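You will see subunit A twice below: alongside subunit B first, and alongside subunit C after that.
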Partner chain A sequence: MTEWIDTLMQGILLGGLYSLFATGLALSFGVMRMINIAHGDFAILAAFAAIAVVEPFGLNPFVVLLVVAPLMGLFGYLLQRTILNRTLGKDILPPLLVTFGFSIIIQNLLLVTFSADTRSLNVGELGTASIALGGDLAVGVLPLIIMLAAVAVLGALQWLFSATPLGRAFRAASDDAEAAQLMGIDNRHIYGLAMGIAMAVVAIAGVFLAIRANISPADGPARLLYAFEAVIIGGLGSLWGTLAGGMILGVAQAVGLKADPGWGILAGHLAFLAVLAVRPNGLFARTRDR
Partner chain B sequence: MSENRSIDQGRRNTIKAIGGLTAGALLPAPWVHAANNTIKIGYVSPQTGPLAVFAEPDAFTLGEMKKALAGGIKVGGKTYAVEFVVKDSQSNSNRAADATSELILKDKVNIVVAGSTPATTNPVADQCELNGVPCVTNDTPWQPHFFGRGGDPKKGFEWTYHFFWGLEDVIGVFTSLWSQLPTNKAVGALFPNDSDGNAWGDPKLGFPPVLAQKGFKLVDKGRFQSPADDFSAYIAEFKKNNVEIVTGVLPPPDFANFWAQAGQQGFKPKIVTAAKATEFPAAVQSFGPRAEGLSVEVWWSPVHPFNSSLTGVSSAALAAAYTQATSRPWAMPLAFKHSLFEVAIDALKRAKDLEPESIRDAIRDTNLNTIVGPINFKKGPVPNVAKTPLVGGQWKKTAKGFELVVVENSLAPTVPVKDKLEAIKA
Partner chain C sequence: MSLLETRGVTAFYGDFQALYGIDMGVEEGETVAIIGSNGAGKSSFLRALCGLQKTAPDSVRFGGDAIGGLAAHHIVGLGLAMVPEGRRLFPSLSVEENLLVGAYSKRPGPWTLERLYALFPILGERRHNPGTALSGGQQQMVAIGRALMSNPRLLLCDEISLGLAPVVIRDIYAALPGIKAEGTSVLVVEQDVGQAMKVADRLYCFQEGRVSLAGRPGELTREQISLAYFGV
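Let's look at the complex of A and B:
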């Protein structure tokens, strides 16, 4: 019995990381209807940016995150305004192609700058610290922090979307871009802000990934798939749905792994397919289909 | 308008160039082209993508080679300049095959060398075998290379030669390493679902039969899909079976995940011997203080008592020169890159002319003491394969950071042992 509780718990905690990766994707998909193929690579980029600051100065990765996340946010805003906005339109292909190009460019830039070595952000004792829960159960402090960060980020975003004028503008631009423009909303600016927030969140995800394990320049694309699945399972436009999606994916993988290691990833994909078959719009979809 | 014209001019030049190339390609014998005083050595390497860490020493090694071969080499009484044509495999076996056929058909190289994992060596060697071009590869355990290409131990291959250690060596090193410490002999396995993981975990040719024979109990939950984010199922299984030794062949991110989760969930094995993940100093550094005590197979280190046949440089001096030039720590592929060119140049020097058959025969007769040890393709376990020595090492903390210290040499007594295996401090 405790083994199953342990499996569930580890899966749910893993879901925290997955939903951090998924949130940025959900934002750009939800607001701009843009699929960012380079999403995972941007996370790795942010993590390397953090490593570049942490290693020479010996700073705490969590402190560095406070600098890297806003910087990535600014970068995201500028990227959207200067390049990605030009790709948006009726055709969904240009943003796919452009971000695919970014994916290749980022990987190779990182390779040239940081070499192919695997790197990590070291948080010392905290990395392996755990809280004993009696019996044979223990929960890692770091996965718990990641989960709390995911909940905090999603809570903040939920508040932003539902209770602020900016959130209203996001929703308006998402529901009907043309009507929003008629109402005096500058879509280009709104899209820039959405991408800025998406990048800031993906920076958090990337830094946590580098703290949790280690990373190398080519690791980005592998992160994209789970993020996608978490978004689709949760449903477009629902932020808490993204968290649920990440957790469902994490638990499915953990349960699959427990049965047989070869089934771990497969179980995640099967859960994703099952949701697609039963509820094609995701479990908690709120965005209208255009 | 003027812009249009220049584009047009460019196109014309391109067409001319293509015409020239086609005319060149139509010449009957490929080596006639290269015969004008230059020998071309083609080199395929995963310079970008997930395997790029193996290619880090490329630029340094090629620089050293160009320096050493500045005066050219003598083949059949005539001096030739040596040119290197380098192609990136992008860590992709299809791309590696394409790059090789480009080297053969377009660049008309005299010999092809390649290294770093079956994803590079197998397609490169296959292309060379197909096109009848001499080829030397290394840095892939010989079974995945030889049998992975459908090699027949009775016949072997005609054009392609390979040198590295094999699964039997790594199994031998690991088991004798583990016998140094008193344990309950329960071994937990972390084998991913890839060519390495499947070969190591193979119930007939891999670890399981040898471990059973030597009295170890193997706890193998099965093959996981890499990259994996969660190892708690493995850890629970290991704890339940009271595992004291953990082994595997897994990429650094997977091992980092496992090792951090093991810490969080209070799993404390005495010995952890993980291939691949702990072979590279930079990766080990990234594990932080918990890297101390990890052990691994060692294919080359600065203490290996070998010298380069080409430059005379010792293992220690090569490692020092690399660190000085690149400010990076030494890594095992460094010497293997160097040795690839040693074997190629040695064969070229002994060839009676630049006909592919002559170069191939010279490779076949190789009997050379290289920086990775003696290489002789006639003494291998199967035709076309030579074995290099393998020992075991442990990462120990020194004033300068972590150092890989040789602690086991039962299979290669020429490599000196510096210390004993110690249990990982809890």
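Let's look at the complex of A and C:
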């Protein structure tokens, strides 16, 4: 029994990381109807960027994250303004193709720069520290920090979207881009900001991933897949749904892994398919009367 | 100097020319109506004015400045606001949020939520409903209010009476004096000639992308209008 509670808890905490990956994807789809195929690769890129400064100077990864996340945010804004905005239009293919291209470029750049070896970020004792919960149960401090970060990020975004003028502008531009312009909203700028936020969050996800596990330059596409599954499970347009989606995926993987070490990832995919079969719009999709 | 003055405004959709050189103007404090049958180019003209449709820089002068071809989000800030055809409310925003997003350009002026709720009391009662959960007439009030929140010098209204019952149309047009009292000039597009004659100081009739008639409602005869409107 304790073992199963432990598995469940591990899965839920893993879901925190998944939802961080999923948030940026949900955001760029939600605001500009754009799917960034290179989403996972940008996370890995941010993680390697952090590794590149943490290792030689012996810095604290969490401190480095405070610099890497805003920098990735700025990079995301500029990328959207200079390149990605030009790919948006009635045809949904150009953004897919262009970001697919980025995915390949990033993977190869990382491969050339860092070789195919796996790397990770060391946070010292924190990496293995745990809090005893009584009985045989214990919760890892690091997964807990990641989960709390995910909740904080999603909470902040929820507030941004529902209670600020910028959030209203995001939703308006998403509803009707042309009518939004008539309100004085510069869509190119709004899309840039959305991508900036998406990139900052995915940088957080990438750095946390490298703290928790080993990463290699080719890991991006798998991350994209999990993020995509978490978004779809939770339902598009719902930020808290994204958190739930990440948790469901995490729990499915943890349970599968417990049943058989080879089944973890598969169990996640099966959970995804099951949700898709029962509720094609996801569990928490916001219904819009259009 | 006219508030709005256009010289030879053209509009194209690919190879198709929708406007063949529109000359018209709106004076400060005036209400001007554009009438014309389906496809005459009325919406295309308003879209050219507010920046949604490409047009030559010098063809549109607003407050003396050439604004033709400027980005739509820039033009709102200059004081030219549009109530678009079909209302185009934001479905995921509440009534109040729809109004607030109208103030995005932060142009200073008299219009606030309180003033709008005084103008259209029903919107105050329904402020937390989704904008699209209202009746057609109420949605039109939101669309007008949203445009007013940018404190425009000139308000463009594209067929605000379309599909509404006569009593509702009367309610909406009843707000016009209150809007004009704030110094806002109004340019309305109407298919309903009777309605246009009632509210307008001056009238333009469009036909196949050209101005077919211009004048004051009292000075135009029924025959003139019918000829300009239908071309027969």
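Methods note: the second predicted complex is superposed on the first by the 285 of 290 C-alpha atoms of A that agree within 3 Å, B and C clash if a C-alpha of one lies under 4 Å from a C-alpha of the other, contacts with A are read in each partner's own complex, and residues count from 1 in each chain.
Keep this in mind: contacts are C-beta pairs under 8 Å (C-beta built on N, C-alpha and C of every residue); 3 or more make two chains touch, one makes a residue touch a chain.
In this text the structure is predicted, and so the values were computed from the model without any measurement.
Visitor: Now for A:L133: first (subunit B), second (subunit C), both, or neither, which partner does it touch?
Guide: Neither: A:L133 stays clear of subunit B and subunit C.
Visitor: If we overlay the two complexes on their shared chain A, which of subunit B and subunit C does A:Q181 touch? Say first, second, both or neither.
Guide: second
Visitor: Which holds for A:L97: it touches subunit B only (first), subunit C only (second), both, or neither?
Guide: neither
Visitor: If we overlay the two complexes on their shared chain A, which of subunit B and subunit C does A:P217 touch? Say first, second, both or neither.
Guide: first
Visitor: Between subunit B (first) and subunit C (second), which does A:I265 come into contact with in this model arrangement: first, second, both, or neither?
Guide: A:I265 sits against subunit B, while subunit C stays out of touch.
Visitor: Kindly classify A:R171 by the partners it touches after superposition: subunit B alone (first), subunit C alone (second), both, or neither?
Guide: A:R171 sits against subunit C, while subunit B stays out of touch.
Visitor: Contact-wise, after the overlay, does A:T7 reach subunit B, subunit C, both or neither (first, second, both, neither)?
Guide: Touch partner of A:T7: subunit B, not subunit C.
Visitor: Is there a shared patch on subunit A that both subunit B and subunit C touch, and which residues make it up?
Guide: none
Visitor: Given the complex with subunit A, which residues does subunit B contribute to the contact?
Guide: So the residues of subunit B touching subunit A come out as 48-50, 52-53, 55-56, 91, 193, 221-225, 227-230, 232-234, 236, 239, 252-254, 256-257, 260-266, 280, 282-283, 286-290, 328.
Visitor: Okay, in this complex, where on subunit A does subunit B touch?
Guide: The touching residues are 3, 6-7, 10-11, 14, 17, 107-108, 111, 115-120, 122, 124, 127-130, 132, 136, 138-143, 212-219, 222, 250, 253-254, 257-258, 260-262, 264-266.
Visitor: Across the complex, what residues on subunit C touch subunit A?
Guide: By the definition above, subunit C touches subunit A via 50-52, 71-74, 76-77, 81-82, 84, 88-93, 97, 100-102, 104-105, 130, 132-133, 146-147, 150.
Visitor: Which subunit A residues qualify as touching subunit C in the complex?
Guide: 165, 168-169, 171-172, 174-176, 178-187, 237, 286, 288-290
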